[in-house]
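Okay, handing you the structure first.
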Amino acid sequence: MPSSLKYFLTRLSGSLVTMLVGTIVVFLVMKAAPGDPALIVLGDYATDETVAAFNRKHGLDAPLMAQYLDWLGGLVRFDFGQSLSVSAGENIGDLLLYRLPNTIFVGVYAILIAVTLSLVLGTLAALNRGTTVDTSATSLAVLGVSMPDFWFGYMLILGLSIGLGWFPSYGFTPPSDSLAGAFYSGFLPALAIAAPMAAVFTRTLRTALIENLDREHVMVAKAMGHSGRFRFLHHVFRNSLIPYITVVGLQIRYLLGGVVIIERIFGINGVGSLMVEAAFARDFFVVQACAVVFLGIVLAVNYVVDLICAMLDPRRVR
Amino acid sequence: MKLKHFLHNRTALAGLTITTLFLLAVFFGPMLSKWSSNQHDFMNALQPPSWAHPFGTDSLGRDVITRVLEGARISLLISVAGVFAAMVFGITAGLYSGFHGGWMDVIVMRVVDLLFAFPAFVLALFLMVALGYGVTNVALAIMLVYLPIFARITRNMTETVRNDAYVQAAQVMGQGTPRILFREILPNISAPILVQATIAVAFGIVIESGLSFIGLGVQPPTPSLGVIMADGQEYFRRSPWVLTLSGLSVTVALLGLNLLGDGIRDLSDPRLKVRE
Amino acid sequence: MTETLLEVNDLNVAFRLASANLTVSSDVSFSVDRGKVLGLIGESGSGKTVTSKAILRLLPKNASLEANAIRFKGRDISTLTEAEFNRLRGTELAMIFQDPVGSFNPVKTIGWHFRTVGKLHRGAGAPRGEIMKEAKEVLAKADIADPENALRKYPHQMSGGMLQRCLIALVMFSKPSLIVADEPTTNLDNLVERQILDLFDKLRRETDASFIFITHDMTIAEMISDSVIVMYAGQIVEQGPTEALMRRPQHPYTQGLVRTARELEGEVETLTEISGEIGTGVHPENRCRFAPRCPLYETACDHAIALRPVEGHGLVRCIKAGQGAANEVTP
Amino acid sequence: MTRSTTISRRSLLKSGAAATTVAMVPFWAGAAQASCSTLRAGITGYNVINTLDPGQMTLIPEAYMVWGIFNCLLKFDEEMNIVPDLAESYESVSPTVLRFKLREGVKFHDGEEMTSEDVKFTFDRLRDEAFGSPHRSKFSAITEIRTPDDYTVEIETEEPFAPMLSYLTNTRTGSQIVPKHILESGSNEEFASNPVGTGPFKLVSHEPGASLELAAHGDYFEEGLPKVQTVEVPLIAEESAGVTALLGGSIDVTSTAPFADVPELEEDDRVQVLKQAGTSSRFVSLNNSVAPFDDVHFRRALSYAFDRQAMVNVVLFGEGRAANGIIPSSISWAATQETPELVTLNQEKALAELEKSKYGAGTEATVLTWGSSWWKRFAEVFVLQVNQVLGVNFTVEVSDSGTVYQRMQTGDVQASIWGWLGLVDPDEYAYEIYHTDGARNFEHYSNPEVDKLLEAARRETDLEARGALYREAEALAIEDCPVLPCFESNVHNLLAPDVDGFVQLPYSAFGAQLAAVGNC
């Protein structure tokens, strides 16, 4: 369909523009940030000569525009330059390559948990609207969004790790080492991140289901003799998926936010923990690299979600 | 939305009650406490909860509940400040772009999209590095996290009511745009914004605690919730109560705000009500 | 002798609300003959829609339904289990709703609707090509110019009138013997309304299906139905053959309706309307429910009033009926 | 890539929930502990390793690894006596000349033999200004290095230089012997990430900020060492996380323990706790060249104004001892014996000194500190106390260690919380901090008499006499309070119950000690 193709392309170009503007902002903000990279690295024995040499080495003496273009050119090749202080001289691209899979794994894991939970709770609540089931499900949801995820993380450690000893309270087996190990050691962190999201998803699904249950076409389907199961699947649930998936997509920015702290608490070597360490060490290059990576992830996810929704909802494509 | 309905809505009522109690505790609690938030007593460090110290004492022998209340006040003020700023700018931008559309709309929405594209906490973290730590910058970060949300809601709402009779009437009567926007339109779209605001304040507190928790936000000895939890986290194994109870207080506070938000939403959209 | 298709005896429907039990139709009895059209008339709130939905058991959970019997093709369907009853829906009993746009799942093509209904009633085994072929035929019957294309369309890509035709086609698709049409034209503009009505007219002549045609518009009822039921506040106030009822309405309310209709057709110069509002569902049992608005009200009306036959007519729920008091409504 | 964690059956059983967990022990478990082929030794409390080049290392986690990858001419034995390591024996030919007889057949990780040439190269490199080693000052006293033959080295200093022997031990001295044949041609940057030494372990991989993996050096010169084939070294930023990791069985050894948990852990039979007074000195560094710390009376007032034992209790949860001076008590022959009055809490005297000072109550100053753990609290406790006692108005500023260190060096600081751990010679504390030209004299303190004594101490080869000189110097320095000595912290290692062979030393020895670990 040309119309849909056009839709996809416009959205794509939109995302790309946002990405570009994003890189500019990140770059400028970091430039404006206090503190001189050179001093951060050389610290001990920084003389004017060494500083100058450093700036030359990192092209920090070039005009701003040139610096940006150079950096941007690097981004395209996934080359973010070298780390200043977090792990001096290390190629940031390599740092990210090692950590990105862990972050993505934990993120996806968390989403899986959140979606599973919300599908059950949300459906139960909507179908038993007004009953105790509904009340408890919705209350649970409110509680979920009210807990700071990192605190919940510690409560999980206290209970399931220190208390019952079911799960490791620290450390993460990268999926590349052992997938099963990753699922096991990643459970608590994923759960901690998932809790608030599951809550949001549950509310969304409940709302959507309730709205669609009352739609006339559901009654028409009934009048046509369609079974309750058919009506729920093809009329109610199917249509509720659209707002649901949209929200899942929107939540990604909170998800990744949670990842940052949780990774640190559970000692997961991900992009989040890297960014925090870089922040402490004032490693501008790494911080801005992480920011750009997160920006990219969000835009990519949102784009995919857009495509999915467009496929689910013909009315979107105009 | 009449007060009567409001009081008949359980969710809203519960939310209102908790929030009120929370505010009272936060603003008057410290006065009643016989301790002050920075009054140390090295001989009584890390006392478990007792009648004298309901939440126990921390590593410097400071009364945790007093600190939590003080901290809650600080965190709350930071969050409110940030959210308020976000509302001022977001709503204004949203109103104008929604009302006028055109290039202005395009630009505003582009900026909104951009801010939206950053994970909330990452954006905050990034700003802390750029601007440096400290109270005001945390508030600033919160503002930037919520600005897009308010802008987008307001814009979309404005767009829907733009052609409603009362708006047109106002135009015909030759009222100035600002007046139409803030006097005619804003009141009619305030409900969802109000909902967002309460929820935003709640999450603002989470952001503050998060930043301070990892040490990039408010700095000690200022007792913000995050600072207190960070301190408690260090000797979490030895004396879990500091982190547990301070975090629990946060949860209760947020619960109140979220319930309040839901309540208002229910009232503006009764179909979703859980119970009559 | 025409065979009775549907027979409803003393149908009572009430809604359980937090405050009270709201009776929306009480002691409603009527019957529909095969191949005939029954017009069900009344203003909104008169209980006509509820009554018809009750026949297909489409009422919400909090509605309670009692009836001595609802006989369909001679057997009492009021006692069937939901599963058994569901087998009747679509195939035997079908319904067409007011809002054609809302009647289709917006995210599915018209084709999908036909396919699923087809599979449902012809068995999953039914060859798809076969189903779609029939779908096109029935769409063509419903005056859809390009069925092929219509099947490919999504609801939002079609006009209300087109959708209503599709919906009608979809209903006819399963060849039900009774079709309840709930104000199928109210949401359409006059021209389209006319076309749809013609379509109904055509269908009823071409098929042997019976219709219950719900409307608030006397002229429509007159044009399309063989017999008419007038409902007010959940009660039948008058029922009988269309032609007779239209010429000599017995019940003051009916008279009002007919007069209004005539006036709209411009056969009477002044527009008079029935003053007052239809009451809430809770009615004093010891009084004619129309009394508050009745021009002919007198103290005698202050007791429960039964439907009674008026010769040369049907049934009327009015003490004055047949006493000549019911003045003719003619130019 | 290294595995930062392995969850094992054994560990789960140990983690105190046998009944509940056995059923759900993951099938991949057990892979890592067929025998003790792999030792998982976590570096806790730090996760930054910028270089593994001995000549460049400054951070303790860097030292932890360097100690295991390299050797020095000398080392400390279990009683902290200086004994030969790469050197077979040594003698002082004259007060200014040390002669070392090297072991024969010592192999670098790449199989090349280590000879006197490498030794000479190492020290020339350290002394080369262009190389810019932070350890350069330690060896600036050296005038010449002679290599009569492949296995003999002579180090000559212009005048007797007593600290030299400790500077040649495998500690944070940077004097680890590096291979000439590689560094002559290769680049230092390359070497910093791919170090080649003579030590028991060679580097296999390094995920910056995450973990390192070491493998046994096949032909290591000490028979039977190392006992383990591989060592996995996760870098665990949060000490408390290290504890849970060890209790959870994810690691076998930690480099440190959070002070808060030690008492509880000592009761816990899932872990062995090794602890002793550490060779460390924790103090408040005052910038004597800026207000308000340019006034000796004000500095004295501060020194009188806080309770060091309270600090030990609150900051270290008792895991340490109040300091007498900046020379750690574990260097007993040089450390100040009885506590000087000026390093004790005395409110009257504090206020008296404040009277004499040109700054009064209400004086404002920022105390710089770093880290998220006890360093923060250290500053808080200090500030809270002095504010209370003197009515001054100090505030805490938290940053990261790198920044603090940098600002101290550039003098861009009023006061800062600082300290040193693992420096083994009194000279490294006293001379480098108190002497006008001291490499770590960030206080810009200068007292000719102190300088004279410290220089004399460097020349004095007799231990007793030398110690006396340091005490004398410190006694003088303390009168001026250039820094405020606070406390010495214990060093800790946590070991899984069945780990043996790990010998703890007061300077927080790590890397090299792993070689002797047999069972785990």
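Read from first to last, the chains carry the letters A, B, C and D; within each, the first residue is number 1.
The criterion applied here is as follows: a residue touches a chain if its C-beta (ideal position, glycine included) is under 8 Å from a C-beta of that chain, and two chains touch if they have at least 3 such contacts.
Here the structure is a predicted model, which is why all the values come from computation and not from measurement.
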Exercise. Which other chains touch chain A while also touching chain D?
Worked result: B
Seminar exercise, completed: Co-neighbours of chain B and chain C resolve to A
Exercise. If you average the Cα atoms per chain, which one ends up farthest from chain C?
Worked result: D
For this session: With contacts defined as at the top, give the pair, A-B or B-D, that has more of them.
Result: A-B
For this session: Work out per-chain C-alpha centres and flag the one nearest the whole-protein C-alpha centre.
Result: A
Exercise. Could you state the distance in Å from the CA-based centre of chain A to that of chain B?
Worked result: 21
Exercise. How many angstrom between the C-alpha centroids of chain D and chain B?
Worked result: 45
Seminar exercise, completed: Distance in whole angstrom between the CA centres of chain A and chain C is 54
Seminar exercise, completed: Separation of the C-alpha centres, chain C versus chain D, in whole Å, is 92
Problem set entry | Multi-partner residues of chain A (each touching 2 or more other chains) | 157, 162, 264, 280, 282
Seminar exercise, completed: So chain C residues touching two or more other chains come to none
Exercise. What are the residue numbers in chain D that touch two or more other chains?
Worked result: 244
Exercise. For each chain, which other chains does it touch, given as pairs?
Worked result: A-B, A-C, A-D, B-D
Problem set entry | Touching residues (chain side chain A, partner chain B) in the complex | 14, 17-19, 21-22, 25-26, 29-30, 32-34, 129-130, 134-135, 138, 142-143, 145-151, 154-155, 157-158, 162, 206-207, 210-211, 214, 252-261, 264, 272, 275-276, 278-280, 282, 284, 287, 290-291, 294-295, 298-299, 302
For this session: Provide the residue numbers of chain B that touch chain A in the complex, in ascending order.
Result: 110, 113-114, 116-122, 124-132, 202, 206, 209-210, 213-216, 229, 233, 236-237, 240, 243-244, 247, 250-252, 254-255, 258-259, 262, 271-272, 274-276
Problem set entry | Residues of chain D touching chain B in the complex | 240, 243-244, 258, 260-261, 263-264, 307, 310, 313-314, 317, 372-374, 376-377, 380-381, 383-384, 396-398
Exercise. Which chain A residues qualify as touching chain C in the complex?
Worked result: 215-217, 219-227, 230, 234-235, 238-239, 242, 312-315
Problem set entry | chain D contact footprint on chain B (complex, rising order) | 38, 40, 42, 45, 59-61, 133, 214-215, 219-221, 230-231, 233-238
